[in-house]
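After this come two complexes, each holding subunit A, first together with subunit B and then together with subunit C.
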Partner chain A sequence: MAVQKDIGAYICSGCGLGDRLDCDQLEKVAKSDGRAKLTRQHEFLCSKAGVEMIQADIDAGDVSHIVLGACSRRAKTDAFNFENVVMTRTNLREGVIWVRPDTDEARESTQEMADDYIRMGCAEVKYQDLPAPSQEQGLNRNMLVVGGGITGMTSAIEAAKAGYNVGLVEKAGHLGGTAAALYKRVPERAPYSLPVDNGVDSLATQIQGNPRITVYLNSTVTKTSGAPGRFSVDISTESGDTTTENFGAIVQSSGFEPYDMSQLTEFSPESPDVVDQLGLEALAKEANGGAIKRPSDAKAVESVLFVQCAGQRSEKEGHLSYCSGHCCATSIKQAMYFKQANPDTDTVVMYTDLRTPGAGGEDFYRSAQKQGVIFTKGEVSEVTPGDTGPLVKFNDLILDENVEQNFDLVVLATGMLPNSGVNIDAPAPAEGEEVTETPVSILNLDYRQGKDIPQLVHGFTDSHFICFPYETRRTGIYTAGPVRRPMDIKQAMDDATGAAMKAIQAIENSSKGLAAHPRSGDLSFPSFRKEGCTQCKRCTVECPFGAINEDERGFPQYNEGRCRRCGTCMGACPVRVISFANYSVDSVGQQIKAVDMPDEFEEKPRLLALACENDAYPAMDMAAMNKVEYSAYVRAIPVRCLGSVNTIWITDALNSGYDGIMLLGCQKGENYQCHFVKGSEIAHIRMSKIDDTLSQLQLEKERVGTHEVAITDVERIPQIINEMAETVQKIGMSPFKF
Partner chain B sequence: MTDVVATNQTILVVGGGISGMTAALEAAECGKDVILLEKNPSLGGRVSQLYKYFPKLCFPTCGMEINLRRIKARNNLRVMTLAEVTKVSGDKGNYSVDVKISPRYVNENCTACGACSDAVSAEFDNEHNYNLDKRKGAYLPFTMAFPQRYVIDPAMIGTDDAAKAKDACPVGAIDLDMAEENIQLNVGSVVWATGWKPYDAAKIQPYGYDRFDNVITSVELERMMDPQGPTGGKLIRPSDGKEAKDVAFIQCAGSRDRNHLRHCSRICCMASLKQSTYTREKFGDEGKSTIYYIDIRAIDRFEDFYQKVKSDSTVNFIKSKVASVVEDKDTGNPILKGVDTEGYKRYANPHDLVVLAVGMEPSVNFNDAPVDIVSNEFGFIEANPENGGLFGAGCASDALDVNRAVQSATASALRAIQVVNQVAEAED
Partner chain C sequence: MSELNNRVVEKYRNNFLKEVEANVEEGDWVKMCMQCGVCAGSCPLGDAWEHTPQKLFMMIRAGKRDEVLSSDAMWMCTSCYNCIVRCPRELPITHIMHGLAHYAARLGLSPKNQPTQKFAQLFWDNLTKTGRVNELKLGLNLYFMNGFSEGVKKSLEMRSIGQGMFFAKRLNPMEILGGHGVKDQAGFHAMLDKAREIEDAKLDKFGK
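For the complex of A and B:
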């Protein structure tokens, strides 16, 4: 790549930069140390005139790489929006003058800070190229939907409405999933007063008449390989016929399995007059608006008890600890079946917390009360088959009494279990341990990292992020409906539409080589130098998104479309052969080396802060806006994720005389905040091994600190920096200043 | 003049909170032309005023930073602040939308250096902090405000302070003659993400929000906990600045109540569970939280969070709709009166501070909005085919938590795309 790199350095003297800093000196530094071909100064760089000045140089072909010495890269992005040029922004405003006191004593160290940032900026662009997509995949406007229940049907219809083709795979012989087994469903629109049609036929009709949707019944996905934009999927029928189709993206709507009520032995599940909610739907379907009859003797039910949270919200062995979300409204709906058929039916819903949230839920609850459904706060301890019907023992929580009562029928509101396939993170069974049941894979991904989507809590494939419900750890594959989270039909239909949206987006963006969230729009992707690779597999193992496969010889195979561009692979590589066009071991390493290192006796320590660009770095900017000061000795470099930090940077920094190093990343562990899932955690693990390096160099281990910070740590990050400066003062300067 | 090019293949998103930002971004990241309108000077909406999210107790600004970065990277997504829709006419695939843009008095030259703010002395109620403190008349609404551009309070126009601000600006960004503008946009579809507002707590007379200093709302508590908020992150009571170690939470304050909001606002149970962790965060074992509730609606896997809070010995739950709050004149302590329905016991419990878990109502009641759209009796937009190319998203469509609001917004983005794709197909 013998591309000529012509660096232009543009120094802004506005916003007080000209008063606080010697901008001529900055230009000189850019020329002499930064090897800038051209330098310019402007009193208001982000103004029309300033921007035009830069654009003129670009248009004239005088510069190919530009360094802006002005405000933070988070500010004035609309003004500094140049095309076809590599740009880096050195943060002289928020990163220097706003965090330093405006005093004569501070002037020298503040200037040194700014000088270094200019050197670093020039060093960085020198090692950056304009990213270009790999063109690994083209535009494939076909979407695969796995699961033909109400969620999958909705995803298919909504995607087709937007002009995309859909392959809809359903393992059963008909569409509709669990919803097809419902007599009626809870209304999702006003008036919220009575159960409504289950909606399955209407969706099925829309699908049958839709030329954009191909339905594969009695079929499963037996293999999925490739990446967004070029998924190759084997769809096999029960009889073993397999067709291979190509898709751009995937929605997994594999639904749920009802909890097995036979586990609730205290409720006599073997008794014919004790049913679960789906059991009641079957009875209601049979009755079809007439009197619902109890199974044991076909007597019309005169009294029915709904036991809420049966085997749910409980820590008992075999129970579900979570709430399934829909069951309160479902029991209310089912109580209405009885009241509609015969208003005199004694219908009792026994609950601890009745959960009907949102605008319509409360009205539906109220409507049941109006119809005479009784709601009792109580806990059922036992159901036994009585002579005239099930005998129920419960504790009435309002009256604080233990009560026994006979009902004709007992309905257990049991929960839902996600049908999420293979748990790829499950520990391998111990030797000799009996494996009772192997879950059937849904997607059969031909990924090194496992056959299915990683699961979150309780086996659901939810996103971990509150702000980003469709954040997925397998790019281009989105889950929707009760496989993602316990939910009702209304939410599942919304969820199906949202997932279809994301799948369409994945189709469009992968065709252009653009990254998915959170680095959406990024064109850079990792590549590796095969000659240097030792096939150690660390990159494939550590990739949080399962983006990297291995070829038969153990070399990594990057899949641009699956990659989220965090750089965790780059941080993992012990031989440093992985890089992005504009982000590499060199683009950061050379910044570290570019800092002018004062000798040991000058008593001017140098501290390095590698700050996550998503949270730590913005927090530092905001500290500056709030005029929180911190040490002038620090040099901060934003990184894509702490996971991208290669330990060579630390070793090099220590060897070149830095006195202290701080890694500032996001929260790790169970409630991780890391936008790249494992980046921060992996960085912590890697850094726990840096002690060896420190002891080899005979350096104190306090010189390197890894911190979990948040974007709100506007006070704490400056404190961490200042404490490191104090530590260095205590333990002394690094002897490695040459 | 504001120059905006829009066509019937443009998607308009009204409201720049997390739902609107999401809808706009998801559509824009599909390559669509999108205009995002926000009536306030900054994007961010209600979540920018929250200290933490439940159930992870993470910070809303973390997600906002990502969303803002996504917005900054998109040339096909245009943001207009201080903009309100005044009229919508036309049909699916071809709407004409009148937009009123209020003057910011600060143009795009602004570098957010803060010189104008330093120069003025006039102060006004700080709406970002629910008026619990004051802000300058030349101000950045909050540190992460976007666009990162100062605002001159209209009340300052014509005063010496306004002139001082103008003189102080080194880049000529302040234009005191800026006037209201009215523009018309032609768009294919519209996503309404106008969000929610807290129910007016003063209307719940028995709880004395308007009479007692130490009765506050849940949204105010969020601002108090923010280190950049009105109390600098201190959990203190307004009457005397004493640390509020014993906090009572009254659930369904204005919700599930025929006299107020009939619906359940969904978020308030989880919000109070979350806020009980604030008491622990500040005071450890010395803190005490009491939650007065009807039902704890911690649905689906939120249940985990409820169980976690429940296992905290400093948090108590009383099943009761509080009847009234009175004030102990000597101590300033609010006293909660009512009946514990589990066992029917009367109580009169004093606390340091009472937090009303106020309900959620739509910011714009769509029964009375400048657009013809089907809404339910609570004022939320209904998903009705009659709405053509107009769609509700987030809390404009229902009382939703953040996660569900974003889910809803993502779905709306697709619905909006369907309309403009059909327009594109027809025009091909």
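For the complex of A and C:
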């Protein structure tokens, strides 16, 4: 250790800690085993006096590294907020006394637990340094918005209002996107009774008059490289002229493509009098308030049928399995076009479930009913071109009968397909397989991991619809509008504002070297020891956020601004050369080794719990608050993500005599809850291979368990711990206690 | 079918919903039904009906005129108001049921020998005579509704209840001679006549 590390250990005796634990003993442990330069006790450590006591030692230069033996690191964060000092907090309250019974028999094992946590805290802090911001990024208050539809225009205007410069790239020759093709749009303000102007002109006017916004029409993004705060983007026009601009963050609002109705052969899509919703918008624009005429013979439409969920919400081959969210309200709006022009038009909306999300949806539906639009719960099975107009066969689901009826015009409510560019996770086409269409990349990212944003489900780009909207798996790039999930105009505008806000955060954070969500504000970043690296590429492949590129020689090239600080690269590295200033293979490994290991004949097993700090660790704290007891043999270590768990920790723990090891992480797979998207999944894959290690050591498989838990598993986690304790009792103690 | 019915059919052709909206009490609410089925699930007599309110409303929209107007469903409503209370769209369902029943009766399309309808007619005829219900006569009319022999049988069956009511002074045998009535009988009948005149005038729009 090049720098002198003066450890100060502070033990709190408040909150019952003093009654339940021998705090003098804890001080002794910190001094002897933990090598603390000074130790102090306080009866109320988080009080003003307690905090001032610690601050005085820091100011006097007596301590550079401090260990607090008090409550959970999740509690009293305002009080214990010291600058320019490395701090770790050992969890004596939620981690020890609150999960143990207050009995004479339990006293000894409870004290052992607390002693070990103090040892672990001292060992950890010894291997931690004060994180300093990466020098990689700078402040760049320019934002790139890709896509000039309603969403992109709203994002640009909102960012400009907040004082940021915006480059708005649109591939067409005019702004407006799909919304510009609409005759009118669904109202977003009370009384939600009639369709309103599509709003494109007013936004476009605002943009044209805004000095902060530069519009690039007929242009696409041909290259994006860099990281938040220093994105370098090539913007090319159709003719091939390219300008390179620098941006701090990116909003991708590339919108959607309508589902190709020609695939719905049962509805006679080739018939001129069968149109999709955008087709009807074109007819309505043409009529411009007058009677809408059907395409085949220009006869004014007297009866029209809207077929909801055409080719969507269906498991049939080639159909969309999801609901596109806007189509019910859109059909209602379009039925109103007819009623407005001629109230006697027979307008029928045929649905199985009518869904009108949003505050005004129900009012809008009711307004259509008042205007005489008929809503029939039924399923259309076939549309054939009849003599006088399309002949529709449907099953009336309320009256339970099959009906055939003629209409002048049939409108199919088809779904939305996200315009999300290249699917970088798609399997490469097999040898000889014909590639029918190659999607055009939106961002052309110069990332090792692929040209576009990874897709979550059905091609939509997001990282979690509920927990982290707008957050993609590429830091500093946010998606908004229907490219993120199916939505209507009102939702897209709200979305645009949210994404602009996220992008602004990314700009400001990266200028200070701070991490973005979910470890927002974290200054630490991964660094690697080049001499030790074997260029195995595991870190670059496993990084869920595509933060790591490779240089020509195959060494990882970190883009700290793109990093979310989860440590998945650290867990991946087989030669353990990756570390953070305050989180490393050593900072955890030394905690594992610091535990006092009783010998085999004392019948005191030791269990290790590596708990994800996002869900598992808080759940354990909550179990403590609810006074749910668990085994005194467990020693819990919070980890940034299960993905950061390096298998060396497991091997080390087994070698140093732990009897059981539990990895507690978030739900993985399709409905994942991992805050770092892939961390938990990667950890599970790695741990599935731990059996080899166990068999080499001639240990039982049951000694290592990987569990998916949620923050609500307040009862279940103690149960998992206790079951492991029982298992160890059954299979016996580990023979590796020396 | 009545002459009036033919005139109505002529006027509305095949738009039964419009016909209901214009002529049935609270009929303009029918289009607001969103087919959730809460009324059907809430009706305590739902199983005993030919059609639930939900179905009736759907049939009206689908133009099933004859089926709706000859249905026994609206006659079976006991006015418990469960459906009105629960309807998320606040449709006055009970009132629509009675409105439909009345309309069907006016057009002469209601089901033959529908007991509720028969009783309703007996009650109305009994009441409008003097302005007060003659319970003795109403009871006897009800018992003899389906013929003499059945009436005698029913009367004997109900004898003890009748006697009990007599001794409790709840039933006056002298009512058989005509019974009591409102003070101003002439005024009362004039009121009814006027009401009938207004009602008939409504139907004039279909031509005579």
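Here is the rule we use: the second predicted complex is superposed on the first by the 734 of 738 C-alpha atoms of A that agree within 3 Å, B and C clash if a C-alpha of one lies under 4 Å from a C-alpha of the other, contacts with A are read in each partner's own complex, and residues count from 1 in each chain.
The rule we apply is simple: a contact is a pair of C-beta atoms (placed from the backbone, for glycine too) under 8 Å apart; a residue touches a chain by one contact, two chains touch by 3 or more.
Not measured: the values here are computed from a predicted model.
Trainee: Here subunit A is shared; do subunit B and subunit C fit on it together or clash?
Mentor: By the criteria stated at the top, subunit C and subunit B clash after superposition.
Trainee: With the two complexes superposed on chain A, say which partner A:Leu354 touches: subunit B (first), subunit C (second), both, or neither.
Mentor: After superposition on chain A, A:Leu354 lies in contact with both partners, subunit B and subunit C.
Trainee: Check whether A:Met622 is in contact with subunit B, with subunit C, with both or with neither, and answer first, second, both or neither.
Mentor: A:Met622: touches subunit B, not subunit C.
Trainee: Scan A:Ile398 for contacts with subunit B and subunit C and give back first, second, both or neither.
Mentor: A:Ile398: touches subunit B and subunit C.
Trainee: Which of the two partners, first being subunit B and second being subunit C, lies in contact with A:Gly372: first, second, both, or neither?
Mentor: In the superposition, A:Gly372 touches subunit C alone.
Trainee: Of the two partners subunit B and subunit C, indicate the one touching more residues belonging to subunit A.
Mentor: Subunit A has more residues touched by B than by the other partner.
Trainee: Return first, second, both or neither, reflecting whether A:Asp363 touches subunit B, subunit C, both chains, or no partner chain.
Mentor: Once the two structures are laid over each other on A, A:Asp363 reaches subunit B alone.
Trainee: Taking 43-51, 169-177, 331-339 or 385-393 from subunit B, which overlaps subunit C after aligning chain A?
Mentor: 331-339
Trainee: Same subunit A residues contacting subunit B and subunit C, which ones?
Mentor: In subunit A, positions 354, 366, 377, 398 sit in both the subunit B and subunit C interfaces.
Trainee: If you look only at subunit A, which of its residues touch subunit B in the complex?
Mentor: It comes out as residues 14-16, 44, 46-47, 71, 74-79, 81, 158-159, 161-163, 188-190, 313, 315, 321-325, 351, 353-363, 366, 377, 397-398, 400, 457-458, 460, 462, 465-470, 485-487, 491, 494-495, 497-498, 500-502, 504-505, 508-509, 517-518, 520-521, 614-615, 618, 622, 625-626, 666-667, 671, 673, 675, 710-712, 714-715.
Trainee: What residues of subunit C sit close enough to touch subunit A in their complex?
Mentor: Touching subunit A: residues 17, 31-32, 34-35, 54-55, 58-59, 61-62, 64, 89 of subunit C.
Trainee: Which positions of subunit A touch subunit C when the two form their complex?
Mentor: Touch list, subunit A to subunit C: 354, 365-366, 369-370, 372, 374-377, 396, 398-399, 403.
Trainee: Per the contact definition, I'd like the list of subunit B residues that touch subunit A in the complex.
Mentor: It is residues 18, 25-26, 29-31, 53, 56-67, 69-70, 72-75, 108-109, 111-114, 140, 143-144, 147-148, 170-171, 226-228, 256, 262-266, 295-304, 307, 319, 341-344, 376-378, 380, 382-384, 398-400, 402-404, 406-408, 410-411, 413-415, 417-418, 421-422, 425 of subunit B that touch subunit A.
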